[in-house]
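Dumping the structure here so I can ask a few things about it.
Residue numbering begins at 1 within each chain, and the chains themselves are lettered A, B, C, D, E and F in the order written.
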Amino acid sequence: MFPTKKVQSMIGSRIRVEMKGDNHLLEGVLESVDDYLNLHLLDTVEIADEERLRSLGSVVLRGNNIILIVPVE
Amino acid sequence: MFPTKKVQSMIGSRIRVEMKGDNHLLEGVLESVDDYLNLHLLDTVEIADEERLRSLGSVVLRGNNIILIVPVE
Amino acid sequence: MFPTKKVQSMIGSRIRVEMKGDNHLLEGVLESVDDYLNLHLLDTVEIADEERLRSLGSVVLRGNNIILIVPVE
Amino acid sequence: MFPTKKVQSMIGSRIRVEMKGDNHLLEGVLESVDDYLNLHLLDTVEIADEERLRSLGSVVLRGNNIILIVPVE
Amino acid sequence: MFPTKKVQSMIGSRIRVEMKGDNHLLEGVLESVDDYLNLHLLDTVEIADEERLRSLGSVVLRGNNIILIVPVE
Amino acid sequence: MFPTKKVQSMIGSRIRVEMKGDNHLLEGVLESVDDYLNLHLLDTVEIADEERLRSLGSVVLRGNNIILIVPVE
């Protein structure tokens, strides 16, 4: 399964996304993803030191600034 | 709804955009967006520590330097 | 008007461009722009702390390293 | 062998990937790779100072934020 | 004249190029340029604090990491 | 000779590559290169302060994170 297909397979489930920049970690339910790995997340929260920092709700993330994507069990 | 479509759906409403760089947060009314997520904002203000820092007016943002986009309620 | 069209509409007038990197602000007369937002500026000056720092003259800026573009009144 | 073909030849074996950002080193089994060098890794661990820092499991890495890829013997 | 055409017009003459990263300034004779603004420079020197720091000779620069290009009179 | 052709002409010889990030310098024998300047190097070593820091062997470098490429005499 190609990397982008792998991300598509996570639609509807909770994922953790690390963005460029210092300690920039977000967690949310993956609503949609395109070929550039642009993501639309729902119920998004910012995470720092493994604690919920701030609730952001519906968020669009620019794909080229994503470092990595991990499913949250 | 794909991430770019989601952003298009915000045209005419107020959004918050986090750009690359330290604490680079902007808020404005989304006037237009293209496939690269380049944005044209009106009535744009820079935000720091949740306060209005500086009024920029009409601003064009380069899509690849956007970290995330959030609608402002 | 799409974001790139908005920038094209500024040809011949003075713009302020924020580039990636620390405090990297430039001001000049927009001579030309392409689809990647690569810019050719004339009479360009570097700005720091709202003062003219250094005169650069004719400058080409790489589009993907532009954070934002604002018209100067 | 082209660089992307070289990476494809590592599928099924353990690789080390250095990402942008400070000390951002990951090690895992390469499950898939596409033309942009987006990677899907299994059994991924974060590495710091040559020690296993954190286990991440299944991870998707965005290709444009990869600095380098090295096979692990 | 489009920005890339402007750079092509500098072939054979001395240019100054600012790259991403701290104080990363190079000066050399422009030998060739392509549509991505990848550059091939000859007689290249690194510059710091307006002094010649190190001679690099023939150098290829990756276009997307260029901040700006200025002709040297 | 276009910049990418110039790099292709270095196949089989030793090159020095500066990557994004702090002091990230690599030296190796260029095995292959593609249109994005993705590189496959053999006998690669990390360099710091003009000394060999660490031997990495066979390495794939992502083109968009390359700052510059210089032949090693």
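Structural remarks
In the analysis below, a contact is a pair of C-beta atoms (placed from the backbone, for glycine too) under 8 Å apart; a residue touches a chain by one contact, two chains touch by 3 or more.
It should be emphasised that the depicted structure is a prediction, and the values quoted were computed from it without experimental measurement.
Common partners of subunit A and subunit F, by the touch rule above, are D.
For the self-contact between subunit B and subunit C, the two sides draw on mostly distinct residue numbers; the shared fraction is below half.
One finds 37 Å separating the Cα centroids of subunit B and subunit F. Measuring from the averaged C-alpha position of subunit A to that of subunit C gives a distance of 32 Å. Subunit D and subunit F have CA centres that are 19 Å apart. Under the contact definition stated at the top, the residues of subunit A that touch 2 or more other chains are 20, 64-65.
All the chains close into one ring, and from subunit A toward subunit D their sequence is A, D, F, E, C, B.
Looking at the complex, you find that subunit F touches subunit E at residues 1-4, 6-7, 20, 37, 63-71.
Note for the complex: subunit E touches subunit F at residues 19-21, 24, 26, 31-34, 38-40, 56-62, 64-65.
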